[in-house]
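In this document, chain identifiers A, B, C, D and E correspond to the written order of the chains, with residue numbering beginning at 1 in each.
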Amino acid sequence: MLKVEGLKVRYGHREAVHNVSLTVEDGELVTLVGSNGAGKTTTLKAISALLRPSGGTITFDGERIDRLAPHQVIERGLVHVPEGRQLFPDMTVLEHLELGALRGRPGSMGFAERLRWVYELFPILAERRTQKAGTMSGGQQQLVAFGRGLMANPKCLMLDEPTLGLAPIIVDTLADTIRSLHGTGITILLVEQRVDLALRLADRAYVLETGRVVMEDSAQTLLADPRIKTAYLGL
Amino acid sequence: MNAAVQSSTGNAGEILAVSNLTRIFGGLTAVRDVTMTVRTGEVVGLIGPNGAGKTTLFNMLGGSLPPSSGSIRFDGSDCTGAPSHVMGQRGVSRTFQITSLFPSLTALDNVRSAAYRTTRAGWGAAILRNAAYRREEEELRRKALEILAFCDLDHRADTLADAMSYGEQRRLEIAIALAAEPRLLLLDEPAAGMNPEEGQRLVEMIRRIRARGVTVLLVEHHMRVVASVCDRLVVLDHGVKIAEGPPAQVLNDAEVIRVYLGREPVDA
Amino acid sequence: MDFTVFAQQIANGLVNGMAYVLIATGLTLVFGVLRIVNFAHGEFYMLGAYITYFIGTLFGLDYLAAAAISAVVVAGLGIAANKLIFWPLRRDHEFTILLSSLGLALLIANGGELLFGADPKYVESPFADEVLEIGTVTLTQQRVLVFAAAVVALVAVYLFIRYSRFGKMMRATAQNPDGAALTGINIGLVHTYTFALACGLAALSGALVGPTVMIFPTIGNWAVLKGFIVVIMGGLGSVTGALFAGLLLGVIESLGGGYISLGFMEAIGYAMIIAVLLWRPNGLFSTARGLR
Amino acid sequence: QQPPVRIALIGPMSGTGAFEGQLGLEGAQAMVSVINAKGGVAGGRKLELLTYDDKGSPEDGVSAAKRAMEQDNVDLIVGGWFSAVALSMKEATRDKIVTVMTSSQHPKVTEEGHKYLFRLNATSAMMSEFYSKAICDRIKPKSIAFMNVNDDWGRLELDNYTKLLTACGIEVKGHEFYNRTDTDFTTALTKLKSLNADAIYVAAINTSQGATIYRQIKQTGYRGKVIASAGNMNPKLVELSGNSLEQVYSASPFTEDATAPSLKPWLEEYRKSYKNEPSFIAALGAQAVQVLAFGIDAAGDPRAYDKIASTLKSQEVPTVMGNLRFSDKGQASQAIHLVQVQKKQIVSVRD
Amino acid sequence: MSTHSHGRPLAQPFAIGGGVAALAVLPFLAGNAYLEHLLVLWMLYALLALSLNIVIGYLGELTFGHAAFVGVGAYTSAILSTQLGLPPLLGLPMAGLVAAMFGLVIGYAALRVVGPQFAILTLGFGAILFTITNHWVDLTRGPMGISDIPPMAVGPLTFTAARETYYLVLVLVLATAYLCHALVSSRTGRAFLAVRENAPLAASLGINVFHTKLLGFVAATAIAGIGGAIYAHYIRVITPDIMGVHNVAALIIVVIIGGRGTILGPILGALVYIGLLESLRVAGPLRMVIFAALLTGTVVFLPGGLVSLWQRWRNSHKAENNLPAAANGLPSTEGGAK
């Protein structure tokens, strides 16, 4: 479904991602792990067209998307829940959710139904629907960003550190949500620093280091890999 | 003389004393009647569900948000409502939950700029280039590099803060806070965006910070970090302190598990 | 105090103020949505007046039609300016963008001097010299038209921003362009529409104010300054704020000029802005940043 | 081929006074063409005009004069359209180069009498002496209020006319100063209107502000007389002011129906080359060129400044506005006429 | 380990020494008085731009009021010398002092707000100063301006000609450049940058944001006042126009086109500004149009200002390195081409 080949991305003169190739099959949950500065965020941004790659190709559903604008990528059902939340500080929670649905694909659920679903997943969003996002706590904001992404009815969801700043109890909820999204057939590309969690959720994983893919395997295999254990899990 | 020392430190060993602190936003009470103390040299963890009021409490301690009521004593003197720069001058440094650094300066300059509190040679000295100035600059540079190395960023000394990845920026923030040589360091989710291995390095770092004589108040959702570095935990829920005590005890408290931890007492 | 004169000065102030409001509304849109301090805004005002003049004299169209066409043409020019200058610079530092708009302002003003000639021109309007007596107050029909047309335009803009889907997209783009892009908003389109709307409004005010004064290529200078003052005083991005601030400025200026000192009229206006900003640093109608 | 004689024309080419500068330049250029067509000056040398922009500002005027002298090494200078500029510029060119000041009326320009300095326009004292008589005897308002530009000239006008008109029994009810950059005058005019003076005297230094003021006077509903300051009437102003200048008086040394022999060829040349109607300001440009050409012809060399100066101070110079005499201090004496706008034409009023 | 702190230790003093030497001989190469006059203007603009750069470049705030302080300085010295007969040499520090006093009062009020609000407040204060100057005829002669201002004199030396004045201003420019250099390599200057980059964080580190900004603002206005006084004694006529928006815009253009937050930037910017406007005279009526087009084009293609050209060049010569911090070898002086 999503195929990245030979991706290169540069910031100014410096190349941050050199030659990354990865594929995510239909309905698969793939995770991308790597230490700080490895290029995970950069890769996702390139896929969602926030950054323009300097080399390589990106195809989604068989179509080249590396020359599109971000809104065109979303229209095709590829939705990115970004690192750092990227909310609209003076807009309310509800407005965020409405905007999320604005360009989404029509799906089985109508807007009202979808809204109810998101509210059920994260009751705090319902409770705070008229609060301005800028005044919410860090974790609450993270949920707004996630909820906004869900409202777009994604075919493929890219999550950049979705558990960042969440209390353990909410992390569990979120993990359940991701699992059930995956269960309903949504394709997911997950970037997550809670590597153990990510590997337990995922089917397959890529390990990124300094802008290159250094390992690629089924999540279970990697979870057991001693190199992963020492480098990422601190065991 | 002894008396002076006594009075300036207040209750022996108590660097921070918060009593009945409350903050109200419109109709919402974000922090309600919180009383807690931190002793010199301690590492205290402040945990609680999202929206419990941890950051709000930090904002009040750091002086960027005036409390609605209650009082804050730092180092024996009343600091309630003191502005941010006064708290900074007195030795309270903090990191912010939302990444906050000097974006278009290099890592090294971020740290050097942050050392304001500990340097003396101002514009005049720089114009004269006297010995004291040169010595201090040399010393500052050395110290800044040392702090960068301490935070595992020495290889990034010349990188613009803006051009760093999220995790690196989080470490740079700690470096910035350390450069002020604080007496009390407030860390708001420093491990966010770090993987468990990096989290463990952070634990090491906090230990070394404490070894430097800095008292630490830590907000964190990574229980492994919290459990392994904190002497004591304070738990907030809906702005109210619901538990306090050593990690082993607090993390097994039924109420804390119910509102905060969920199924697993200590997640990895 | 002579009530007739007082009422007359208030009326003068309201009309002048409404012209400020029209100019400021476009500025506040561009500022609120795109974070651009557009110094060239006054030049679009100038172009609005000139194009109305040329359409009137060259094609013999009547004033109202000329004004409408002028607004559309200038909206198009605004789109072009956005494409060539502001869009490519959107990720640059605000000072850089500001300088580029300053450059554009100079370009249009001096280009205008070259193209339109140094001689002042007069936009003929059938309403210009028709005096209307409302009670003891004397106003020309043109001045009444400035007021009325501005009210209509403002209400339309306000409703558009407040209640249309596009308005919501504009506000989102204003507050976080990257976030907006990731939400599926075509921020390029938002930029384009915003510029078109802003420049169209500027041109409209030029076309409306044109017949009350003489026009020459540097009339944009004062327009943009007045516009900014109103924008800031009203609160960045706030259309309602611009309305109140503009009218207030107009009235204070004419009362200050009328009763205190004409020479210090502008200074009195500025003093008021200073007072307002020291009292409410974000302007009359602002709680925080972004378009409202 | 001999090198051309290079004359710097320094004037307001941009800003609110740009139109005045343009008129002056056109007038001078037309005269240059006329003279060159007749074979130039000093035995066949052509005249060449170099244009400089003083933006109506004294500082820029000084800067332009410096550039003309030091960088471009011009032979002679024409400038000083606005008094404020003339007053500063005369110091920059003092005793260095023959300089002809044009429309500025401030007496101080020729008060000291620099060696090489000449000024064409009548001083405001000369102007007001003539014009105030006409106001007192012909226009006869009982009371008057002033609407003057806030600069050297506008302030001087107020002083002069207040004195002169009070002397003939006209009550001065008040005045307003407006700024060179103002575009709207309703506040000031509302104030003036409420004074209920018989007439409003307008000292408008440039065409665009002038036209706006005349229009807005009518638009405020003022029904009294309007009097335009001396030296500032031009066809463009009349055109732009709509009907509001109808029957309004002014004073001017220039009339198209005058009999000076050089007037006709210049008018023809001017009309051929430019779309503006000939005006006083344009005529001053032409006159400046004529004066210089006369001096050069007599001296035989554009750089023989002493000789040029003494010629001009001793002989009568024939110009488009009749024969001109310069005082020892370089001040010209021009014949001033009363003019009136009648059916959108500026006509001279002769008894 | 890094080339960071003081650039290449040897190359830099040489470059600076060479530059100063070149500046010193420049008037002898000019050839005529007018070119020397242009050199003076260049240096004057450089001086004023350097001062404005303290606010725009180091404090990161935009001020639309800078020309007003230039005017205050110019009028102070002009009035003192024409009405009280004070020697211009004494007028110079007085001009700086009075401008700084205005800076203190205005800064104290205006620096409570930031960003566009601050810009408009300074515009407002500037406009009020302009209006007062324009209407207080008894003191300032209003729109008529003050003429016959005596030239600057130091003992027996009078600075009537351009060449002498050039050296006078050059010395001041070099001094100011050094002052700025000292500033950014001091604790105070680093506090400026911290405030510019992130005021809440700076405050949390113990920096009094308001005082820091006020200090920078007052220093900038003092230098502006001195520059204004020199201008007055050089041109020898001043009008309220000196405080007008034209000058405000010119100074901002110079700083940003050169490269804000650098020392070389404003000096280069002034050169380009004066030089370009002058050489475009050949374009006749197209002059300002071409100037504006070049200005806009430069901004679009070189958003970091002229000094960023040098950065680009350096970058292309050390590929695969981090973004450089220093534009002219001076630490921390870069505004960050963000």
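Here, a contact is a pair of C-beta atoms (placed from the backbone, for glycine too) under 8 Å apart; a residue touches a chain by one contact, two chains touch by 3 or more.
All values reported here derive from a predicted model rather than from experimental measurement.
**Q** How short can a chain-to-chain path be from chain D to chain E, counted in steps between touching chains?
**A** 1
**Q** According to the touch definition, list the chains common to the neighbour sets of chain C and chain D.
**A** Common neighbours, chain C/chain D: E.
**Q** Centre to centre, using CA atoms, which chain is the farthest one from chain C?
**A** Of all the other chains, the one whose centre lies farthest from chain C is B.
**Q** Which chain pair shares more contacting C-beta pairs: C-E, or A-C?
**A** Between the chain pairs C-E and A-C, C-E carries more contacts.
**Q** Could you put a whole-Å number on the gap between the CA centroids of chain B and chain E?
**A** Centres of chain B and chain E (C-alpha means) sit 40 Å apart.
**Q** Between chain A and chain B, what's the gap in Å when you average each chain's C-alpha atoms?
**A** Result: the chain centres lie 30 Å from each other.
**Q** Measuring centre to centre with CA averages, how many angstrom lie between chain B and chain C?
**A** The separation of the two C-alpha centroids amounts to 48 Å.
**Q** Could you state the distance in Å from the CA-based centre of chain A to that of chain D?
**A** 75
**Q** By residue number and range, which residues of chain D touch two or more other chains?
**A** Chain D, residues with two or more chain partners: 14, 150, 179.
**Q** If I count partner chains per residue in chain B, which residues reach a count of at least 2?
**A** Answer for chain B, listing residues that touch two or more other chains: 163.
**Q** Which chain E residues touch at least two other chains?
**A** In chain E, the residues touching two or more other chains are 134-135, 288, 322-323, 335-336, 338.
**Q** Going by the contact rule at the top, pick out the chain C residues touching chain D in the complex.
**A** Answer in residue numbers: 2, 4-5, 8-9, 12-13, 16, 110, 113, 117-122, 128-129, 131, 133, 138, 140, 212-214, 216, 218-219, 221-222, 253-254, 257-258, 262-263, 265.
**Q** Which residues of chain C touch chain E in the complex?
**A** Going through chain C, the ones touching chain E are 31, 37, 84-85, 88-89, 92-93, 95-96, 98-100, 102-107, 110-111, 113-114, 221, 225, 228-229, 232-233, 236, 261, 263-264, 266-267, 270-271, 273-274, 277-278, 281-283.
**Q** Under the touch definition given earlier, write down the residues of chain A that touch chain C in their complex.
**A** 48-50, 69-71, 74-75, 80-82, 85-91, 95, 98-100, 102-104, 134, 148, 152
**Q** Inside the complex, what are the residues of chain E that reach chain B?
**A** Interface residues on chain E, with respect to chain B: 1-2, 4-5, 178-179, 182-183, 185-191, 193-194, 197-198, 200-209, 321-325, 331-332, 334-336, 338.
**Q** In their complex, what parts of chain E are in touch with chain C?
**A** 56, 62, 109, 112-113, 116-117, 119-121, 123-125, 127-128, 131-132, 134-135, 245, 249, 252-253, 256-257, 260, 285-286, 288-289, 291-293, 295-300, 303-304, 335-338
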